[in-house]
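My questions all concern the structure below.
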Amino acid sequence: MHALVGENGAGKSTLMKILYGMQRPDEGTIAIDGAPVALHSPADAISRGVGMVHQHFMLADNFTVLENVVLGAEKLHGIGGKARARIKEISDAYGLGVRPDVMVEDLGVADRQRVEILKVLYRGARTLILDEPTAVLVPQEVDALFANLRDLKAEGLTVLFISHKLGEVLSVADDITVIRRGTTVASVVPSETDPRRLAELMVGSELPSPETRESTVTDTEMLRLDGVRLTATDVDGVERAVLDDIALRIRKGEVLGIAGVEGNGQAELVEAIMGMRDPDAGTITLDGTDISHAPTRKRREDGIGYIPEDRHRHGLLLEAPLWENRVLGHVTEAPNSKGGLLNPAAARRDTQRIVAAYDVRTPGIEVTAASLSGGNQQKLIVGREMSHHPKLLIAAHPTRGVDVGAQAQIWDQIRTARREGLAVLLISADLDELIGLSDTLRVMYRGRLVADADPATITPEELGSAMTGAASGHLESPAVETAGGED
Amino acid sequence: MSATATATKDTPTAPGKKPGSRMSVATVLLIVAGALVALSVLRALAGATQASAFENITSSGQIGAALSMAVPIGLAGLGGLWAERAGVVNIGLEGMMILGTFFGAWAGYQSNPWVGVLAGVLGGAVGGLVHAVATVTFGVDHIISGVAINILALGATAYLAKRWFEPLSDIGGSPKQSPQVDDIASFTVPGLSDGLATVENHHWFLVSDLAGLLGGLVTDISALTIVSILLFAGTFFVLWKTSFGLRLRSCGENPTAAESLGVNVYLYKYAAVVVSGGLAGLGGVFLALVRSHIYNEGQTGGRGYIGLAAMLFGNWRPGGLAMGAGLFGYSDALQLRNGGATVHALLLLVAFGLALLAGRRLYRKRYVAGAVSGGAAILLVLWYALTDTVANDLVPATPYIVTLLVMGLAAQRLRMPKANNKPYRKGQGT
Amino acid sequence: GSSSEEATKNAGVGLAYDVGGRGDHSFNDSAAKGYDRALKDFKVKGKELTAKDGDTDADRYDKLASLAEAGYDPVVGVGYAWTPSLTKAAKKYPDTDFGIVDSVVDSKNVASLVSAEHEGSYLAGVAAGLKTKSDKVGFIGGTDSALIKKFAGGFQQGLKDTNPKASLDVQWVQVGSPKGFGMPDRGKDIAEGMLSNKVDVIFSAAGGSGAGAIEATGKKKGTWSIGVDGDQYYDKGLAPYKNAILTSMVKNVDGSVYDFIKSVVKTKKPEHGVQSYDLKRGGVGLSYSGGFIDDIKPKIETAKKKIIDGKIKVADTYK
Amino acid sequence: MKKFDKERVLLAVAAPLLALVAAFLLTALVLAATGKAPFDAFGIMFDYGVKADSQVYILNKATTYYLAGLAVAIGFRMNLFNIGVDGQYRLAAFFAAVVGGALGLPGLVQIPLIILVAMLVGAMWASIAGLLKVYRGVSEVISTIMLNSLSSILISYLLVDGRLADLDKQTNIVATDPLPSSSHFFTIPAGGDLDPIWGFIVVAALAGVGFWFLLGRTRFGFDLRAVGRSESAAQASGVDVRRMVLTSMLLSGAMAGLIGMPMLLNDTHQFTSDFPAGIGFTGIAIALLGRNNPVGIALAAVLWGFLERGANRLEFEGYDKEIVGVMQGVIVLCVVIAYELVRRYGLKRQQQRVGAELAAQARTSDSKKEVAV
């Protein structure tokens, strides 16, 4: 089991895509089983026993597991009963617990990942590449995954996996390769290194930490949710609750972190607070005014800043110039417009200011947002939202997919604003970030807030058990059943 | 609960349930049966003067005409289905149908109609190929490319008709019309057809309606109609039961995933769009060689678009599409053949259906929606009672209104292929 | 105008068809026949232009003007749609002789070649009323235009006057659009619908769409079609069904066009003003080809005489 | 990077030029293949198209096409495909003609009133599709196509002697009551014995400026363009997308209502069953050609007028005027492909340049640091 580590954008995925034939190297050779090969397409790689589980799952939601697995490999066992039998066989052999006739859209993240692994095994792969397989899993699921992987290793398969999480890398990998800016900087074995040294190799300097020391929490309540309920109707016409009886409050100067496995209602919670979805019941109060049913624009004007989870879908107009992106979301506010009219000159000037102040690396403000790198796009968004001095900032995965330097800057900006009385709702899959930045932690599971915790004392493992529904209540109190000990 | 098998994406409850938006065959049959019974009851209730208008609703002639009007729409829709299942919206169906009518008749009058069929399919397929080049290779917006193809097909056929058909005026050609093409064979099931006709003419409660319905399906059916029905079945088989179909559909759901599994997405998209054009071309041929015997400028009359609507109505499935096409063909044939009196009778039937819908909605506690349907039903009944026919110059609106109504009722439950109408570039997926 | 020296010498006959043009198997073709005959008989040259879908009056004017500009004389507009543009062109080119079919343009240099379609249709109604056994008769109009309603109105009156018991079912192939003249498939569907409702005589004033109706009656024994414009008994495309064509309501557009061209190029005494081609002048009438209505000829002739004598006033629209 | 850089302008011009050249070559091929001398045909079109009376004709035609292009472009700007402009303008012109014919107010009051009626009717007819999309999720492409057919049926139901129109038995023309001469729009004399230029061209130009101003200079326009670029981002930014769909459908319909006005107020002064149909579809082609940009649409409208003028002449010279239909189709197809190619090339170029400039910046700042150290 070989681990590949490196900071965001180091080129790990790119390297793996080359190995899997999805991209072609400009120079250099690849050898499989000692023989040099030229991989022109995934089909080439597959035929040589290389299989890959991508960072973003490659599954068709509207297909069954069976269809997803046999796609592209119909020659092996057809697309019917024989294939189904083979899937069951593999699933049982490695304890994957995959049901072939379920729709993929009905599966959770961990199950989807197992489908991905099964897809690779079904094709008889001998080399298994996993790109950041643990990023979206809770610690317990990670353990289960590694157990599966060890089984595979025992069968003689080669496993190559990518991760940022140095702890898990050190615990399971047999070899580690560190890459930085597209080149290998070190090859180490776990026994001869420790997380600190590995981190320094990765970044070239010390890793930043999201730790916040002094508390700035005040008594003034900024956001309050009471009994918020949101239902959605699925294709069958069945109504179900995606948010159920949500109650929370965030005070000025407080960062409230929400932990949860993706798809448990965090996105809907954000959308309800932003006004993109109208709650069926309950109230949302911002700074003393009821905004339960106010339109999104009103809420933004009233001082909610929003760093969306998916910046390409919700944060930017990719083909518009930077200054128009600076206007986005604040078109009714100064300096972007006056009366009903835009003020492009002022917006441009202010964009220049943001670019300078937030260190957005760009040659100018007339280039399209699409031509910036992800980290710089994110800095622009943060700068834009902060420029309007929000009372409440909703930050969903604010550092997802940005490099370490940008990450540190964004953390700094959140901390600074918090000191000045900003209330922050933080949602993140990165439990270290969540624990490090938050003043209070809540855990979301199946549309409900099931547990809370004190970030000063909680560990990622404890949070993880609550995220899978195994624990609830106040996780810190010894009186309540909690998973694992505290440190 | 175990540590792993838990959270579900977007659906915290009821995991493992298949989306059941598609209607089963049994449900469809049940609806048809219910409508027939309702019709029989209504006819019994209506006075003798109105009875013949009601009889037209299920006469074998009406059903036969409905079928022949439904087939071209269905074929266009089937073309749309192929393309959209592979993720390409094809609004150029209209243009591809035009190519089908033109080349079908052009080759047909020179040799025999079956050569015409082949030429028309090829003509449509070439249109599909152009669409594939524009959308798949060059990445042009699908709808824009489709609109451009419609303009081009219209221009090109008008030009070619002028060049090729005008000199043939002594055998019936003109700049807008081709010479006559021989008939394509049509079949009548011997015995059965006559027997059913006899039963139908007795006007027995329910039995005659059924006889009319079946009679229309076994009398004077064109060979091309049979081919079309086979194509529907074949499409279902190919797209849902073969690995080719699985790959093709995967390009419409998640092309990046398909690409990562070694599927040549461009190839499948090309195949789908070319087949799509061929099917639309066949629809055009049907118009030119079965419904008429000539190419006639403007013959398609927007059926490509209506086919697309039928496909949406059918939720991107052949069965649903057939129903959608049937519905349009039926209402068009009804207004065309029988005019105001029968459309007037139809009002009562629709009112009846709306009343049922209202009841269902009220039962489900959707009071506003229920009240709307109920109100509409009452208005229709009033309209029916206060008049005794629908003005003949308004009757042609029937199929369009029916389509709008049905789309309005059905559209929200639809689920299109996920990657439909999305640009796809090889190697650029995330 | 820019170049007027061309206008001095006569270039021949200019003919501007309506949408559909030569080869529409309908009245454009009829006009073409008269034009062809005139060109041959008087040994003159000519130029034909055709309006297209979506042409505005400005486009139509452009066509007439370029014909007049190039020295064509006379210039004939086939169809009432030329009315506004021809009115304008006649004013602009007072030395050119214009003709217009199916409409009236009030100008010194224009001959308005109108036909009494309602009178001919009345006779068709008489024939239908006498020939129907089921007392159910149908009329299929290409579109619900005023001109076609002239056919329908006359037909209805003739039918009712002859056979008061008979009912008339009137349908349009396509409302609001001249496309209804080129849809034989829909014509056939309408006819089949009528036949299944026991209609046994159908008069179609629907251009090419009428061929579909004739086909439908040709395939059902004991039912009749009445043709329109030309004598459709001799239509090559309809040969298999000619025995179902009871008669045709002939409208001699070819004759009127021929006469007008003749008056300009041959006799040099251009017809001007309204030239009414009615029953009296032989501009419209019934054909007896096939001999299917020979038995009722006396009754038809009586009706014809009454109309000519003004004893019967035929309605010129359908309501 | 400068605000206007040469490369971008060059690219913007390159696309339509490339497409036009390709289109002419393709058309020439078709002509040659069917045994006609292609360049003679182009020559005839050109010679005729630049004559003074042709220019008046082209301007008048372009006025109508320009409005049609704008109406379609409003929808396109936010990814709404209003295929129903055709039905909207016809219905609008019909009711405007009815109202105009019924009233005898002074022109200063009546002309604006007629225009207002047209815009309202157009907007209302378009709103049906908007409402269906917003509340029932019906694709506007489908519903507007159905509504086109319905509007023809509705018009021919009402355009009947005794309903909202009168029949002139002499001419067989059924028309609405003619507008009183006070309601005739002013014309601009073109000199000589040429026909005048329709005064409505001024309104069209104002509509173009309004379009540019509304989309480029107002909050509303920003929101509309944002929806067109990314519906999800627009929604997150606070745009009420559903209302936006409805509003822009209304705007598009109102603009469509203007399409028939130059013809009605400057030319025919009444609505007959021959009132031109199909201009809505021409508008789609023109909006695509003009890239939804007010200046581009103007050029496209003029090009279209030029082609049609040429077509009229081609027939006279013994060519098949239908070739112009081929030409139009080929131009539109080439243009959309060329735009897409240029767009993608431009985006890639820009990304590369941004990358290069950043790398250069990084190098200079690195060397500065070294100096400082």
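Think of it as A, B, C and D in the order they're written, each chain with its own count starting at 1.
One rule holds in what follows: contacts are C-beta pairs under 8 Å (C-beta built on N, C-alpha and C of every residue); 3 or more make two chains touch, one makes a residue touch a chain.
All of these numbers come straight from a predicted model, not from anything done at the bench.
Chemist: Based on the averaged CA atom positions, which chain is farthest from chain D?
Modeler: So the chain farthest away from chain D turns out to be A.
Chemist: Is the number of contacting C-beta pairs greater for A-D or for A-B?
Modeler: A-B
Chemist: What whole-number Å value describes the gap between the mean CA coordinates of chain A and chain B?
Modeler: 44
Chemist: Using mean CA coordinates as chain centres, what's the chain A-chain C distance in Å?
Modeler: From the centre of chain A to the centre of chain C is 75 Å.
Chemist: List the centre-to-centre spacing of chain C and chain D in whole Å, with centres computed as mean CA coordinates.
Modeler: Each chain's C-alpha centroid was found; their separation is 38 Å.
Chemist: I need the residues of chain D touching at least two other chains; which ones are they?
Modeler: Where chain D meets two or more other chains at a single residue, that happens at 153, 156-157, 160.
Chemist: Among the residues of chain B, which are close enough to touch at least two other chains?
Modeler: 175, 393, 396
Chemist: Quick one: which residues in chain C touch 2 or more of the other chains?
Modeler: If we look for residues of chain C contacting two or more partner chains, we find 50, 53, 144, 175.
Chemist: Per the touch rule above, enumerate the chain pairs that touch, sorted by label.
Modeler: Inter-chain contacts occur between A-B, A-D, B-C, B-D, C-D.
Chemist: Looking at the complex, which residues from chain A come into contact with chain B?
Modeler: Contacts found on chain A: 20, 22-23, 41-43, 46, 52, 54, 56, 58-63, 67-68, 70-75, 78-79, 97, 99, 102-103, 105-112, 119, 140-141, 143-144, 234-238, 240-242, 261-265, 445-447, 465, 468-470.
Chemist: Which residues of chain B touch chain D in the complex?
Modeler: Answer in residue numbers: 91, 130, 134, 138-141, 143-145, 147-149, 151-156, 158-159, 161-163, 175, 302, 305-306, 308-309, 312, 391, 393-394, 396-397, 400-401, 403-404, 407-409, 411-412, 414.
Chemist: Would you mind writing out the residues of chain C in touch with chain B in their complex?
Modeler: Those in contact with chain B are residues 20-25, 50, 53, 144, 169-172, 174-175, 179, 182-186, 188-190, 192-194, 196-197, 208, 212, 236-237.
Chemist: Quick check: in the complex, which residue numbers of chain D touch chain C?
Modeler: Against chain C, chain D makes touches at 51-53, 57, 60-61, 152-153, 155-157, 159-162, 167, 169-174, 193, 263, 267-268, 273-274, 276-279, 282, 308-309, 312-313, 315-316, 321.
Chemist: Residues of chain B touching chain A in their complex?
Modeler: 1, 3-21, 241-243, 246-247, 249-250, 253-254, 256-263, 413, 415, 417-418, 427, 430
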